[in-house]
Amino acid sequence: MFSYRLRWDLVADNVGGLVSGLVILLQITALGFALAMILGLVVAVARTARSPLLRGPALAYTELMRGIPLFLFLFLVYYGAAQVSPVVLSPFVAAVLALGLTGSGYATEIYRGALQAVDPGQREAAFAMGLTPGQAFRDVVLPQALRIAVPPGMNLLVALLKGSTFVSVIGVADVFYLSRIVSQRFFAPFEMYTVSGLMIIAVTLCLAGFAVLVEKRFARGDRTSS
Amino acid sequence: MNLDFGVVFSSFDVMLRAFRISIVVALAGFAIALVAGAGLALCRRSRLRPVRLLAFAYVNFFRGAALYVLIIWLWLGLAVATGIRIGTLSAGILTLALLNSAYLAEVFRAGIDAVDGGQKEAALAMGLAPGQAFRAVVAPQALRISLPATGNHLVDAIKDSAILSVIGIPELMRETARLAQFEQRPFEFYVVAAGMYLAAVYAASALFRFLERRLDLDRPAGRWSRGRPVRSTEPGGGRVQPVGTALGRG
Amino acid sequence: MSDPRPGGLLLELRGIRKRFGDLQVLDDVSLSIAPGEVVCVIGPSGSGKSTLLRCVNFLTPVDEGEVWFEGRRIEPPRHSSWNPFAGRPQVRELTRLRARIGMVFQHFNVFPHLTACENVMLGLTRVSGLGKAEARERARAQLERIGLLDKADEHPARLSGGQKQRLAIARALALGPTLMLFDEATSALDPELVGGVLAEMRKLAQDGMTMLVVTHEMQFAMEVADRVVFMDHGAIVEQGTPEHFRDPGNERTRAFLSAIL
């Protein structure tokens, strides 16, 4: 069964490359997540607006972003953008955009749920003391909604990390890109993919642990409703 | 910028055939996952500690795994190293089943936990054996509660099937990429393929919304019309969202 | 902003109508309050008394009728379901008026993400436009007045229901309102905590604050009110001095009072 000779030395030779590849993945995840959370907030505000002119497009946007496979969207952004616009995106930027746009669809729903979960009495109290709608949103509703959004936001971060694992298909030089190159040159797919897979699992576990910590921190004390 | 969707339509039959493979793979993997997930959920409630622990380990490992990582490790790494030969189609279905069974096990477990404890007690008090009580009273209610989350996972499975292209299954994503490169029209081809995935996703969520209405315990004419109203544990009232709540699970 | 009509009314509601769906919650209600007056509104639940209170500062927009405050008519914001920017000028005007009308809610609605001190400061910095330091000083003075100074840096989750409600009163008073609205301010409190809040309200009344109080506390209404208003089915059935209500003329009022006393 094992006609295959294990060559762990290849892994050892490429430790530096693997680590920098992982760092690229983490950068893409972090930037994509930041983009998703910022864009998501904007769309969520439109999604919860009074006017159908804002609500309709916001709804269409989230449905679109959540209905298209990220894997396909990656190709659409990278190759499609180059075809229809003079802008040529680097694989890295395309990956961040694809992750961020797809993620923003989910982030919108997270924010929307969180905004709706804030007791309507809070907004009323803010209005009753003479705050403008903008102030009521910024000073009273949003800070409370953000706390509620933390646990699902952490889940989104983990989902985006998983999504970032396949950005090498458009040529981002991450761990899996390196794994593929080394595997093809020296025929050592098992060793390289095992190590890169374990690296991802380690990061996922760290993130999951961090998520639990953050959740505990936010579940404490001041979150209970008044 | 000049777009030409004519090229896409002349290859439309190829894409439709590939789309059918995508759907078959996703549905097959999901069907296996439904059965395995139910089994795993039961294992997690087993009286035997080792069974519980194994199921726990399985569920948490695969819930944490990214599909892309798993698939290339299994079929480009492990299978090559051990010399196992297996068709790409089976490999794809199996991988989807592995991941989704873990997700569904968790969904079903939460569903069972959400059924009011009084239901089981009432069934036992009537003289039903524990097994009977579970099958006749708890399981149907748990199933109903699990419906929305199950629908979301089906939606995700359909989207995830695009990742299976990396091991060479001639499904929609792979064929689209091939055609897009050949015709030098990536934008048009990917947009049309995205439309196909959207259609499938909408069909799946519509199916689950229909099932939910049919099995609605609050409705007087529902199948379990005399059951107590069961509220889903899902946030947002437990309706299936038009598209999945989890990102393509990579 | 002073009353342009000396000796005039502080608040005047004229022919207020409001319906929610098929339910006529307020049916041609008119009520006026002079400066310094304490008016208690009583009545069975669902009689529309809370809605009436919320119509004063347009938390619930009225369908018909006029609200006059300090001699000026409050214009309801005309929101458009298409134009997201419609109603902006009225909202600004409304905002200015709301700052002069303090409101205390049944469920406190103190801000859980802010400390007690910050709860009071928020209006001072945002509405009155004070600097942080001055706002803090004033907020602490308010907290001291209601005996919550030692809780200044606590979040509301650490306060009892009665303390939260007193905090809510302090938050409203900090802005120097000319009218205070109380919407069943003690209904959500445990019985042993009601007294403290009522004492605060009594003190306020003695200091000459104009108050419109929706309450179930008959004892309080009888002692503190200058005028008692009895509402039922969305209309004012009877109003008069507390003495008058010891022997009310109307049959429905009599039935209500004998049921709750």
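Chains: A, B and C, in written order; residue numbering restarts at 1 for each.
We take it that a residue touches a chain if its C-beta (ideal position, glycine included) is under 8 Å from a C-beta of that chain, and two chains touch if they have at least 3 such contacts.
Bear in mind that the values here come from a model prediction, so they are computed numbers and not experimental data.
The central chain of the assembly on a C-alpha centroid basis is A. Among the remaining chains, the Cα-based centre furthest from that of subunit B is the centre of C.
Contact analysis places A-B first among chain pairs (by count of C-beta pairs in contact).
In this assembly, the C-alpha centroid of subunit B lies 53 Å from the C-alpha centroid of subunit C. Separation between the centroids of subunit A and subunit B, computed from CA atoms only, is 21 Å. Chain centres here are Cα means. That of subunit A falls 45 Å from that of subunit C.
Only residues 1-4, 6, 63-64, 66-73, 75-76, 79-80, 82-85, 102-103, 106, 109, 113, 155-156, 159-166, 169, 176, 183, 189-190, 192-194, 196-197, 200-201, 204-205, 208 of subunit A touch subunit B when the two sit together in their complex.
Subunit C makes touch with subunit A in their complex at residues 57, 59, 79-84, 91-92, 95-103, 105, 107-113, 122-123, 126-127, 155-158, 164, 168, 171-172, 175, 181.
Looking at the complex, you find that subunit B touches subunit A at residues 1, 3, 64-70, 72-73, 76-78, 80-83, 159-163, 165-166, 173, 176-177, 180, 184-187, 190-191, 193-194, 197-198, 201-202, 235-236, 241-250.
Against subunit C, the residues of subunit A that register as touching in their complex are 49-54, 119, 121-122, 124-133, 135, 139-140, 143-144, 147, 221-226.
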